C-alpha cells in the first residue's frame, strides 16, 4: 500500500510518501497507526495524539476504524485548514 | 467547475463565465478569500498552502456536486490556490449562479463552509515569531455543521 | 460606496477595490443581479428601470450605513443601474469585505435584501404579451424582514 | 410643495412632477391623497387602491399618516421593485 503524510505529520515522520506491504495483523487505520508508531521516535511523535490525526483511504475521508486492503492509498494529516 | 492552481485568478473573468450566454441566470453570488496580515493577534508575513493533489480535486468536486444537488443552480465554480501566498493575495474563489438570489447565496455559503472542513489543504504561516501550522477552528466545523442533512432548513429559513 | 448609473459596470474592477491595499480583509462577498429572460412564466424582452433621483442615493446610503453599523466591515459597495436593460444585462452589484467571511456574507445578503424593499426603483417589463409594471413580491418583504431588529440573531445564527 | 409621481402613478396621473400650495385642511399624506383624487379621473384612478400606494416625504419612506408642511417634497409610487 501507499502511505502519504501531510503538514506536520510529514515533518515529524520525515516522510512525504512511502510504499509498504500491509503488515500482518493490521486490519484497519488504527492498526496501521499502532504499527507505524512502533517504527521510531519520529513516527511515535507524529501519532502521539490520535485525536489530532485525520486519515483518508483512496482519497476519501475515513474514520480510524476504516478497514484496509493492501492496494489502498492511505493518507495521514491534521484537520484541514484551507479556504 | 473546479480548479486547483498555484497561479492567481481573475475574479471578473471567472464571474463573467457564470452567467455568460445564459439568460436564465438572475443572480451570481461569489466569495473571495484573501490572506490577512493578522491571524488572531499574530502578524502574518506569508503562508504556504500544502495540499493533497488528486484528493483535493476529488473533494472539491464532491462539494460542488452536493451543492448542485441541494439547490437549483445554473453554474458553480471553485478555484483554490496552493503554494506560497502573501497578505492581500487571493486564496480561494467560490461562486454560484441561479435563477433566484437565495439559492445563489445559500449555495455559495455552503461551498465555502464545506470546502473549509473537507478540502485537504493545510496552511503553514510565517511571521516575526516563527513559522507554524495553522490549527483548524471550531467555528469552521460549526459553520459546516449548519448544512448537515436535516438541519439545513433550520439554518437558513428561520 | 454608492453608485446609481445608467452605464454598465466592471465587476472585477469593482471587487478589486474592496480589498485593494487593505490586508485586514480576509473575505469579499458579492452579489450580482442580472436581467432574466423569464419572469415567472412570462417571457421578458427588455425592461426599463425607473428611479427617484436623489432619494435613490439617500436610501442606498442608509442601507449601506445600516450594514456598516451591524457588522464589522472594511468596505461596502452598492452599484445600481437604471434605464433600459435586456436579458443578460447586469442590474445591480452589492458587496462587502471584512476580516471574517461570515460578516461579509451576512452584510452582502442584508444589502440586497434591504435594497430590494427600500431603494426607489420600479421595473417596467416588455415582452411578447405587452408591457407592464412589475409587482413587488411578498418573498422580498420576507427576506428583508429577517433583518428586522431583534430577529437578526435568529435569522443567521441558528 | 413639490409632488412627484413614479411608475404607474406617473402614468395614471399623467404627471411626473408638479408644484402645489398645501391645500387648506390637508394635514397629512392621506389628506393630500383625498385632495388629489378629487382632481379628475386620472388622479382618482391612480389613488383608487390606497393599499398599493407608497409615499415618501423629503425623500424618506413614510406612512400615509405622516404630517405635511408646505415646503415638503412628497412622492407617490407603487411598492419598489429594484435589485
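Going in written order, the chains are labelled A, B, C and D, and every chain counts its residues from 1.
Heads up, the rule we're going with is that a contact is a pair of C-beta atoms (placed from the backbone, for glycine too) under 8 Å apart; a residue touches a chain by one contact, two chains touch by 3 or more.
Remember, it's a predicted structure, so these values are computed and weren't measured experimentally.
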{"item": "For subunit C paired with subunit D, centre-to-centre distance based on mean C-alpha positions, whole Å", "value": "26"}
{"item": "Inter-chain centre distance, subunit A versus subunit D - centres from mean C-alpha coordinates, in Å", "value": "73"}
{"item": "Gap in Å, rounded to a whole number, between the CA centres of subunit C and subunit A", "value": "48"}
{"item": "Touching two or more other chains - residues of subunit B", "value": "33, 112"}
{"item": "Multi-partner residues of subunit D (at least 2 other chains)", "value": "none"}
{"item": "Chain-level touch network, classified as line, ring, star, complete or other", "value": "line"}
{"item": "Every chain pair in contact, whichever chains are involved", "value": "A-B, B-C, C-D"}
{"item": "Residues of subunit D touching subunit C in the complex", "value": "4, 6-8, 10, 56, 59-61, 75, 77-83"}
{"item": "Residue numbers on subunit C that touch subunit B, as the complex places them", "value": "10-13, 15-16, 19, 21-38, 87-88, 99, 101-102, 104-105, 108-109, 112, 143, 154-155, 158"}
{"item": "Contact set on subunit B toward subunit A in their complex", "value": "33, 49-52, 54-55, 58-59, 80, 91-92, 112, 115-124, 133-137, 140"}
